[in-house]
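One chain, subunit A, appears in both complexes that follow, with subunit B as partner in the first and subunit C in the second.
So, the complex of A and B:
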């Protein structure tokens, strides 16, 4: 079995580094059958996903990962990743908690793409 | 394609209702190749997973789901589910946030079992 934890670590580091620097750089991580659910908005395909991510209404964003867990997700080598963390946007001083789940699938050429992507902000329980 | 959102809703309702009433009742949802990562503890197989869940150090627990998102996870009918919510244990007045991801797989007999399960408490960002 591939080193799923190492691959997940490497993917998550690259993903948020790219997200925070230039969201357009995420295009290569998705395929036309990839799915993103961002808060209440589901979309599918690289173009729709990039349109969603690049239209989010902030200029600056910094993700800070708190936990990162991975498990093998299928016999074909896909990897399930769940991240919890915090993000800061623009000049708002207060970070927001979030949780994000990815399923990474091997692309047959030694790399991985994002098949599933679910993102939710986590609001403090009352 | 099966009604993945309806199946996810039904599963999540049953899962937490059973968890909160009698964790032993969750045994039927796992198989011997199922994986659970509960906080920092990974384990595999129905027996190990039930041992973990039933040994958690609280008597009373109530889960309250805040968000529930689902996506088809593979061509074989598996379903990815991410939940965020809050839980209250014993007589502690303050709920804790959590996030939990499941991959449900069809069991070939019209039902589903949990192949992947990742659980994390989410602590307020500072």
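So, the complex of A and C:
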């Protein structure tokens, strides 16, 4: 079995760093059958997902991950990753808290891609 | 002792304090607790206006009943008086919910308070207060009110007229900063309804849950799971977990808490918390993931007893999402490409019940992967990841557009599905993952537009499988009358 914990660590670090720096950089993580659900607006495929992510109504964003856990999700090597944390957008001082679940799948070439990406705010800004 | 005696002559609540050296006083028998409680209940009764949800605690110092009780006769009774009054008020109500409902406004006007130290427990008893009248007191600056800096998060009306602090140039800005929902300060509007609405809006629009079930499997699972988890974890484990099920939990101690919830620690969880950000040591990581019924039972046995709210009776307290997923291992070993399952994400709250009957409310986020198996209903839990945090309420998933009727927003379990051929939207041998997910989008599009599956698919494929653009396009075409009648599903009477 692959080191799913190390992969989850690396993935989450890369994902949020890229998300906060330049959302366009996330394109390589998705495939044409990947699906993103960001507060119930599911989009499928790299192009639609990128369009969704880059059109989110904020410029600056900073994620602060509070917890990260991962489990192997199937025998073909996919990994279930669950993250909770806070994000601050633009100049809003109050962070919003979120929960995000990923299913990562091996791409057959020694790497992984995001098959499911499900984002939810769980506590609002005040 | 000398310093104490110096306090003689100070006043609280308009009544002079008389502080005498112990032994000089001619106190008779101390009144019994029950007697004090009855008197306080009577005083509260006179000062509570049920119709307007107002508790009027103004001019306490000249209240003849309080004076006759001798409340202000010594520092010790004086300092205990207000907390005791709050305690008596709390005991008047048999549930915390009723207590919160009962009062929206409190007046502590005309009490000659120089700071809030003697009345600070008001914030514990009335955390959701909307209106607070503190007029005609003697607060000099923000320091005098500092203990309430993070209290009263719902406060809309605050009156501090008659205190020197009101004349301070920073007064208005400070109060606006402290109380995010403050609308009226010293009887002047300081935030308009529009400004408040703008403040409340989150930069990320909140939308309803995505719930794509398969033959009500997820629905039935969720309904049964938490009842089982609360009442008989062993039975639940034997029913739907097997030797390959994996469970882990983690604690997010940095998540904010709502209201004035308690500050119980995480002692019972923290040693099992598998937060890979914090734990980098491989053996610790491995020892905090529990595989198989036996291991999971051992850890569940150590976790506190819980009580989750009823899913059907309190749908607003839950947010449940479900996505069908392909490619899970087939327990029968017949399908090499794997079988379909469900990825379920649940956000909600629960009460933790301790042996001393103390109750602690917490929030949780829990993700499951369900697949076909040998358990109850032909199911098994493959993965169960539980994340715990301080109680944060359910505001986050309350839709901003309140115009949407509650069934759609509040009852994810009752979502209507359009008619579709059996197996549509679900993984099956020979079907690609792409196809399955596209079918799911078609179902969703159809549910939102009431168009047939065929037209929903056309709408999506011509919009790059982006639901948002497809919906926008649909609205435009519909407005232009360009959609034929047979694009829509027959109306069910």
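As a working rule, the second predicted complex is superposed on the first by the 123 of 126 C-alpha atoms of A that agree within 3 Å, B and C clash if a C-alpha of one lies under 4 Å from a C-alpha of the other, contacts with A are read in each partner's own complex, and residues count from 1 in each chain.
Quick note on the criterion: contacts are C-beta pairs under 8 Å (C-beta built on N, C-alpha and C of every residue); 3 or more make two chains touch, one makes a residue touch a chain.
Because the structure is a prediction, the values reported are computed rather than measured.
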Touching partner for A:65 - first (subunit B), second (subunit C), both, neither: second
Subunit B versus subunit C as contact partner of A:84, first or second or both or neither: both
First, second, both or neither for A:21, with subunit B first and subunit C second: neither
Which superposed partner A:99 touches (first subunit B, second subunit C, both, neither): both
First, second, both or neither for A:56, with subunit B first and subunit C second: second
Touched subunit A residues, subunit B compared with subunit C: C
Those residues of subunit A which subunit B touches in one complex and subunit C touches in the other: 35, 37, 42, 66-67, 69, 71-74, 78, 80, 82, 84-86, 96-97, 99, 101, 103, 115-116, 118, 120, 122-126
Subunit C-facing residues of subunit A, complex: 5, 8-9, 32-33, 35, 37-45, 47-48, 51-52, 56-58, 65-76, 78, 80, 82, 84-86, 89-90, 92, 96-97, 99, 101, 103, 105, 115-116, 118, 120-126
Residue numbers on subunit C that touch subunit A, as the complex places them: 153, 180, 202-210, 246, 248-252, 254-256, 258, 273-277, 282, 285, 289, 319, 321, 323, 325, 327-329, 338, 343, 345, 347, 363, 365, 367, 369, 382-383, 385, 387, 389, 392-393, 395-397, 432-434, 437-438, 440-441, 444, 464-468
Interface residues, subunit B side, partner subunit A - complex: 35, 37, 42, 64, 66-67, 69, 71-74, 78, 80, 82, 84-86, 94-97, 99, 101, 103, 115-116, 118, 120, 122-126
